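Below you'll find a set of structures to go through.
In what follows, chain A forms one complex with chain B and a second complex with chain C.
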Partner chain A sequence: MKLLSIKNESVVYRSKTKNVLAVNNVSFDIDKQDSVGIVGESGSGKSTLALALLKLLPKNADVTGEVLFEDKDLLKLSTDEFNDLRWKEISIVFQKSMNSLSPIHRIGSQMADIYTIHDGSADSDEVKGKIINLLEMVNLPTRVYTMYPHELSGGMMQRVSIALSLMHNPKLIIMDEATTALDVITQGQILNEIAELEKKLKIARIMISHDMSVVANTCRKIAVMYAGYLVEFGLVEDVILNPKHPYTKGLLKSFPPLKGEKGELRSIPGYLPDLSIPHEGCIFKDRCPQKENICLYTAPKTHIVENGRKVMCNFAGGDC
Partner chain B sequence: MARYLRKRVLTGILVILVSLIINFSLIHLAPGNPINLLAGKDNPSQEMIDTLTKKYGLDKPIYVQFIHYIKTLLKGDLGYSIMSNEPVGKLILEKVGPTLLLALTSIILALVIGTALGILAARKRGSKFDIVMNGLSYLFDSTPNFWLGLMLILIFASKLKVFPTAGMVDLRTQSEGIAKVIDILWHLVLPLTTVTLIQIPYYFRIARSSVIQTMSEDFITTFRAAGMKENRIFNKYVFKNAILPTVTVFGINLAYVISGVAIIEIVFAWPGMGRLMMTAISKRDYPLLMGIYLLLSVSIAVCMIVVDVVYAIIDPRIRYD
Partner chain C sequence: MGERLCAILQEGTVDMENNYTLEITDVFKHYTQRIKGKNRFRSVKKTVKAVDGISFELKSGEIMGIIGESGCGKSTLAKLLTNLEQPTGGKILFNGVSSEEMLKNDRLQYKRMIQMVFQNPFDTFDPRNNIDKIIDETLKLHSIGKTRDERASITQDAMEKVGLTPVDDYLHRFPHELSGGQLQRISILRAMLLRPKFLVADEPVSMLDVSVRAEIIKMLQEQVRNLNTALVFISHDINTTRYISDKIVVMYLGRIVESGITDSVLHNPAHPYTKTLISNCASIDILEKSNPIKIEGEPPTPIDNGPGCYFAPRCYMSKDKCFKEYPEKTEIEQGHFASCHFINRDNLN
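Up next, the complex of A and B:
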């Protein structure tokens, strides 16, 4: 059984004047203790996809498709049923961790408050002990318990957010650009800590990032999104070493390799299409260096190639 | 905390001193003086004018006069009114009660009603209630307070005859005890309504926008993601965060209302400090005016200190040192 199985998920933001198709027919699976990195440029629908899993999107967003979490369809659960599952099964770490807690309440009391949502029977000493354990687990001093968010550095607050997300031993953690705002040294430390904790606590992780190197180093699988579409999905080593989709190739060329020859860094010319206008053919056709006539009129199907790898391109080969 | 308080009190005293200097210079530099009024219009002799000027010490340079004023003030003496020859302290004390009754009651009412409406509107953002309340807030915000007072008199006192037009007590029925309290409250309704209606929009808008802003903060998403109930998120986290701007506005408004009810007191013939001040201005009664200004600046300074301290208690990000 898959831990999480996303099937044909689409998200449309509706407003009076237009509808923006932010996530388009995305499907992929996550196994237990798996780690999937979602990459793509800003506006490609990464965060929308993740927030849709936790039903945190604004009211004007329509989510369709199926999101099966241990065979329960999350989209069909009632608010109360879903609230029960939140944090206990799926938790999230946000990018702007500096603002992830109320600035005028003490960190410990907020963590305790979140803890008791799902464990109301625990007495306050027990909760405090548990939270101090959590803080120690992410290498924070226990005095953080009585401190306010503004008294901590960005890295420390990120650790608080991670401690918070681990509170109820969830099966899946979503990290939405969780280390993007940190300097590379702190980022590296935290990523190592996350990897260790994951092994220890047997957690699966979805990592949203626009940093290919972060995903390459910490995830088992990678999902490349472009303009709301999942254009390529597969094991990190397959995708990085042998990218099949022209967009993935472009993304990889725009990051410098640490080892080997110095290649030319190249950005992908053009920009994301307007997602409120229906389009014909391939979504990437305007920026694709390999496009041919078929791409202008025929929307590419998702081809499944070796190792369960998916590529959405007319020239990917393999089975559809 | 004690250090912070001491620092704030010292700044407060400085503010009062500066405002005394400015007030003193302004009223003495303004054209006209009390001597002309005292001497009368019937071609007063130069000798008489000189004697009067000397009597009130107005012949000395302005800074000497100011130092003299401060000296007597430090002895706890506010001086004597030039016009009525009564102690300024006594005159003010007689009038301060009705002003405080009107100003403080209206401030508290406006704070509670305005904030409650603002929170409701924010939680039902975009609803009919929100739209109507927003419109009303702009309407009352742009209404001159004396005009609103006159309209209320016209409608409720003159036409409908439900409330009295003016004054604080009914002079015909020398009532005592409970009856007197009811009589005062009855007279209070219209002036209080006016001053309150004028202030509600401030609290409404600040509460509304502040709640809306707080609701969109990232930490609200954290609590939602963790499965916390909306009511708990609101009561514990949104409210305390959103009330901070209201505290600031409350302080500024408190000061504004204490000095600003004067015009409403005149419209409703409310026997408060407003009328006392207007008479003192027109008669150039320097000691009385200085006394009133001193009271206003002291109350404003105190309000500011109280607000700063309350703010520092609620918001840990404010440093005490």
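Up next, the complex of A and C:
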């Protein structure tokens, strides 16, 4: 059962001097209670893609394509209609919760504020009960209700953010690098909690991260993005064990293992191309170790391999 | 690098022996903090023990990794080593000469001997200076190269060596015009140009993209190996630390809980904290079934620790004894030490 289906979504940032094509023709589907991890280096368009879903991009960004959320096209909704969806249907957790929480209001009052905006009929006792419930759900002590953000540690603030996103039982949560700034142990704790909550509340999740290991351990599907293109998409087992796109291979190789042979650590040489200049051929050609003549002039098509897996490479189809 | 450069660099240093040691004995760093007391009108002075009695030895050419959660005193230790903070107690000895004495004699020489690479490459450089000036000033300060031209050629050589070519392209750019990976390489280069005997790298790759991390790690390793420099590599990323280091030290609340040869510690951890850290470390090998050890909470601020083991309140196997006395440092295998009551099982009863 499809929950969200993105079709040919593109985002262009327009400025006086140039147009930057940040997301280019991305399509994939998310089922109910599914989890998709989006990985890629910075500047590959992961966050832009997610923010475009929520219409949180600045005004100079043009979004084209189709985003169907339960058969409604999100991109065609008006701001008012969209405000009804936010928090209630789709919510987001940002990377730096210290920046997304107000420093001068107590945690309880800012959470109540958001609650009442989306549910005006609730009285204050009910709201307080609900919020304390939420805090317990993410393993925070109830005293957090009367505390200020500066009194909390990074992990606790991230938990507050997650509690906030769960407030109105959304169907889809977007986590934009939600655990990146945390310590290993805290990250482990939070990822576990998220997995449990997901089962309990039946939510789908999009997880944006540049850490392959986090996505490998917590998501069912993985989407690899490079320079605005979706270069590989598929089940985690398929993609991690048998990567088909050279970029995915490169990403996996640049990750040192904890056990076994140390091997050689390899990075992907070169840098992201300038996205404001139109390019010819494959977008990855300058950094690709297996490029051939065809890659210089022919832009690769997205090949659909088994299990709904997609690979955008000239050599991915059966025809190589 | 050119012979001329070697000669120039040798002039400035006092001894160029190849074997030197950095010895740290029982170093403390305590901060005082005023916190709210029982009487609401009076605050109480408390001591925060950021680094609480650390000893280790580092020989030239060795790479030591320090791992631990944030707040365990890793960065404070780095600052103590580079004299950005003065220790409250204990001694830092370079080849048997204490750091205080060296600082008294020649501040510059001390600073030149031990250099640091910082976490955030975007904050490391003066935004108003271009790369040329940034490197030139460092060289000038330590009187390497007599004329501007001489220094320029040193810079040119060094930049070429690490693959920042064409050099002229980089020299006239400002820090904001370069990417994180490029800046971090310049940061390492700037530190290594002074031929330090010790290099402290405080989370050098945590701000960088995964795809360039490997490159920086390799460059760091290469530079250190070529010049036989000892490296202290501080990180919370266990995988990377394992890759680069020969020895590893695990810190918790200002103390070393486990230390030893990297693979011996990581494959055969003895301290429950090390076990927890490793089991929580996400792996990309999805076939491997991992059962992360769950522990509660986060490390507390190191105020009024003890008398027992600092880790006891969060430990999954703590017993009465753990709350009463701090465990002795015990040797498990050769060169592998851990501080836990559970290592010798007879201790428990």
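Criterion: the second predicted complex is superposed on the first by the 312 of 320 C-alpha atoms of A that agree within 3 Å, B and C clash if a C-alpha of one lies under 4 Å from a C-alpha of the other, contacts with A are read in each partner's own complex, and residues count from 1 in each chain.
One rule holds for everything that comes next: a residue touches a chain if its C-beta (ideal position, glycine included) is under 8 Å from a C-beta of that chain, and two chains touch if they have at least 3 such contacts.
Just so it is clear, the model here is predicted, and its values are computed rather than measured.
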{"item": "Partners on chain A (chain B, chain C) - clash or fit", "value": "fit"}
{"item": "Of chain C and chain B, partner touching more chain A residues", "value": "C"}
{"item": "Which superposed partner A:S100 touches (first chain B, second chain C, both, neither)", "value": "first"}
{"item": "Contacts of A:I117 with chain B and chain C, given as first, second, both or neither", "value": "first"}
{"item": "Partner chain in contact with A:Y148 - chain B first, chain C second, else both or neither", "value": "first"}
{"item": "Touched partner set for A:H279, first chain B, second chain C, both or neither", "value": "neither"}
{"item": "Spatial angle chain C-chain A-chain B, Cα centroids [nearest 10 degrees]", "value": "70"}
{"item": "Touched partner set for A:V236, first chain B, second chain C, both or neither", "value": "second"}
{"item": "Closest Cα approach, chain C to chain B, once both complexes are overlaid on chain A (Å)", "value": "6"}
{"item": "Parts of chain B lying in touch with chain A, wherever the complex brings them together", "value": "217-219, 221-229, 236-237, 240-241, 244, 314-317"}
{"item": "Contact set on chain A toward chain C in their complex", "value": "41-42, 153-156, 183-189, 191-192, 210-214, 216-217, 236-237, 240-241, 250-259, 262, 265-269, 271"}
{"item": "Sites on chain C touched by chain A in the complex", "value": "69-70, 179, 209-215, 217-218, 236, 238-240, 242-243, 266-267, 276-278, 280-288, 290, 292, 294-295, 298"}
{"item": "Residues of chain A that touch chain B when the two form their complex", "value": "54, 56, 82-88, 91-92, 94, 96, 99-105, 113-114, 117-118, 148, 150, 161, 164"}
